[in-house]
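Please read the structure below before turning to the comments.
Think of it as A, B, C and D in the order they're written, each chain with its own count starting at 1.
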């Protein structure tokens, strides 16, 4: 990612400036990449769907940055977490390859869309069934407890709609009983596909669920990058300190369709003017300027570099070969001798 | 059930006396019946298991009495709700027949144990999978809403362990979103089979879950019959008044094994001395005497009559024929023309 | 006028809602949005309060529908994708399917499963689950292959007093068109001869009917007349129609898009070999998808599922025997 | 010394815990209580912190086990009854079973399912779910019929790098005894000739092996020698051993306690008729439980499931052909 100098000289402020900058640039990278993916989708170059994190990059990047895979931290992102994935350390090319069906991608074109992961680096390859990846992240923390890998934490993402699943409940409760160092980031973006939260839950704020699980909860304006960064950083510290699961609700608005096939006609224009309706990227850009942490020229330069980076990733993924069905093993088992292969008929 | 006069002359107090008496006698009936079932079980006369509500009759009867199936109310009891079932109006003989495998029972010996119900009278025939009957009760309320049966409410029972199921969560949330007139009675009897609540959930009191669903919650000492009666009565009124789901947590102790095959060696004797460890039946008996709502002689008479009633039910069920496999239709579909019957082979 | 398979499903629900006040529709985004695939388009506006958005709670969706039937309702549930019904399987197979047998009270729910593979669908948006459900007593499992069947069988499913798992194929949603909706049709439980022939029988259902038809055309050029039986319903199976066809042709190939172990193909072969062993001039064959999850990439997906070419190749082998 | 099927399961878990630090056990009441059936008796005390009580959250139980494998663990999960695994099916079939294929990282979990019918078990404590799981790619499904297999196959299941669904039969828990535990045994994936014969082959597994053996004894008195193949593993199926037996006898009866539609019986028949059609002197037959939920009452239950008498009757029909 493009680097830039931080002008502030006060060390503490320099630290936050630097972190803010880093976060902003991941957000920008995610946004620009996803816009590119959307245009490839419209051009018919992407099979499957394209799901954007537009409007929730600040919340997503907050968790991604709070985790450190070098320390053994585990991350379970969902469909709108391109920014968090980048911050966690997933290479951009993995996203490009997965969307574009390159056989060199982490899922080898067997799985696509946003269903990628990297188990070795602690990045959970989500399946589609909402909520079902939470207990998988918990299981890694349980595994680490068994193997004595202390100090590692987990972070997992879910949407407002995903909180209605049985899997969400069972996993949260289990994490609470096991007092796991798990951050659960709920992006309340006011919609699950077309369904407004009024048809999804009846509590005032999803953070009201924390007490019922016996865990700590925080509810924030997720359009505010500083707040996101601080909240997740504190939550990570508390989780590492043995304070158990941390439920963080981020309030924001989905600024795009559910996927790129969806024009989101059901989201009224006023929503954007109301609380949490802003674009976190615009707000962060303003903040950078206001705090004098970056100039417009800096941002322009970053943008240009990022555009180049995105261009490189997508065009190199596009040049890469797709899968060859005749090279495929067509076996789902790792134990070769027990694999039956095709039907015997 | 045996009747007795109420001595009090103050009308309000007479009302509560009468209700208390009625409740007590259902509790007694349930207790005596289940003790009989347990002894039949020990004598090898009952296939399957016997599950007792010992210690939770007050809580169970509270909900059963608050519901009125003549008004269209619906009741979804679980394994420890013999008292509530009787109060709701289930004939004792149905329990005896189901345990003893009489073909004249409501489940025609196809299902047994405590899995009986009567759909027409609003009594849900539970399946074993914990939590899965809650949404069925909700569905009946949704159905009543469609068909304009106003004023009816639902009541559903679950244990502390059952709150960990995904089904519990989905159903509670759904009921909250639909603002259904549903009372959810959680009998926190400190154990799920052998598992203490510390391994089941991490919140202080399960009532803490109410706010997270956006519903009203109440937590009571469920060894206290008056409290149970009042709480459920109020909850029923609030549900009928459109206040939405009412979560009621009853604190008590399971005073028996999980089933009669289990000696509950894992429940320490001290538990009975601690808070909520008392026997609600004993406490209610004391109360009856103290309030002068019944004399010892009255209670002895009731007991004798109830014993007779239980004896009659079990012995007549025992005399009844079991099912005849050759008379069975062996078809699971109501649409005869689509039933395949046995394997064609 | 021309109507697609998807429009037929919408029309059937429209008609069911119009005809019977007890019908309601419940599922994620089925309300004003009209459903992920638009199978309930316009219905919420046309039938206020009867086409309802559900939370992402498949277990509770089905459980509540079961309860509503006891009040006389006939709920139609939409799963957003068949694959997501795994989290409702307990309610479908243990609660709904057992109710009539346990209590004598029927449970008329219809569970719509947008099923089967499409390009780029991947492992969790492509599954064919009919054979999972068909194993459980108490369920009826339908797999319409035509626009006409999508319409008439869905209407019939809603009218049937037992729980019906309605496996509609997403690949056919837009690909398949008919001139008009049928006014009458074969009843549920009857298979249909989709193409008459005399050299071999293909027994299949859903999207694979069309692959088989294409294969039959290819073989016709080679001089073979292939009969194709469209099962329409995989539970019950119309064994008589299948046997009658095998009696005519002496050769059987079963084709299904589902995973290879067990399933409809194995069940049909077990029935035919038990009751029509002497009718067979060659060993029965079957063709399924491969024994891996369903791949995302179109090039893999096309190889994973049976298609006209692989069906034709199997048929050639069968005819050579 | 004598050891039951249930004790063998306990012993296998004991040995796995002793041999491999990565093994842990997770399930409702498996800790100090030792499990609903006492299959983990004493293990919590012997291996502190490694035999853990789970909340009533089957989905999260399996999900967390999947996660733990990525840290090198080899979890063994106990479902309290096989029937309750329906609420974990999504994690087993979509998360665990697909992981290796999707990512190349194996997922060595073992899910123990106390399966099958017992007197008074009823519809929700008696199910045989092997054929539900066997349909999904990526799973191994084992069905031990003997004390020796219960022991050695469970040990092997825990050692296998893929997710294993281990269907242990509750009826055999106490009914079946052996003199000692085996020191070596057939590997997973191989079927066993449980009894040699030459007039007909019965292919079966789990508790039905013993019913078939009794039927074979009855037929021996009538002069028939019945060969019995115990599949041991229903995914994969050892088709070669089955075919070799049918080659010897020319007649096939498949017996399973599961519901009649599809399942192991249909799969075996499809394989045998495809690859060994000419070996058959009579149409293949099958015998399953009836197509209703499993009845509670012992008199109904005994008629619902296949048993030695009905197996013997089927064999007589088969031999008469």
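Keep this in mind: contacts are C-beta pairs under 8 Å (C-beta built on N, C-alpha and C of every residue); 3 or more make two chains touch, one makes a residue touch a chain.
Fair warning: this is a prediction, and the values are worked out from it, not measured in the lab.
Farthest from subunit C in terms of Cα centroid separation is B. Centre-to-centre separation of subunit A and subunit C, using mean CA positions: 36 Å.
Averaging Cα coordinates per chain places subunit A and subunit D 41 Å apart. Subunit B has its Cα centroid 45 Å from the Cα centroid of subunit A. Annotation for subunit D: residues 54-55, 57, 59, 83, 86-87, 90, 94, 97-98, 101-102, 123-124, 137-138, 235, 261, 265, 270, 274-275, 285-286, 290-293 touch two or more other chains.
In subunit A, the residues touching two or more other chains are 107, 110-111, 115, 127, 129, 164-167, 170, 173-174, 177, 199-201, 331-332, 339-340, 345.
Chain contact topology: the protein chains form a complete graph, every chain touching every other one. Looking at the complex, you find that subunit B touches subunit D at residues 46-49, 101, 107, 109-113, 115, 127-131, 161-162, 164-167, 192-195, 199-201, 266, 322-326, 328, 330-332, 339-343, 345.
Here subunit A touches subunit D in the complex through residues 74, 106-108, 110-111, 115, 117, 119-120, 124-125, 127, 129, 132-144, 146-147, 149, 166-167, 170-171, 173-174, 177, 331-335, 337-340, 344-345, going by the rule given at the top.
Within the complex, the subunit C residues that touch subunit B are 22, 24, 50, 54-55, 57-73, 87, 90-91, 94-95, 97-106, 137-138, 140, 160-162, 188-189, 235-237, 239, 270-271, 274-275.
The part of subunit C that touches subunit D in the complex is made up of residues 59, 83, 86-87, 89-90, 93-94, 97-98, 101-102, 123-124, 131-132, 134-138, 235, 258-259, 261-267, 269-270, 273-275, 277-278, 280, 282-286, 290-293. Chain contact summary for the complex, subunit C toward subunit A: residues 28-29, 31-33, 36, 53-57, 59, 81, 83-84, 86-87, 119-125, 260-261, 265, 285-288, 290-293, 295-300, 302-304.
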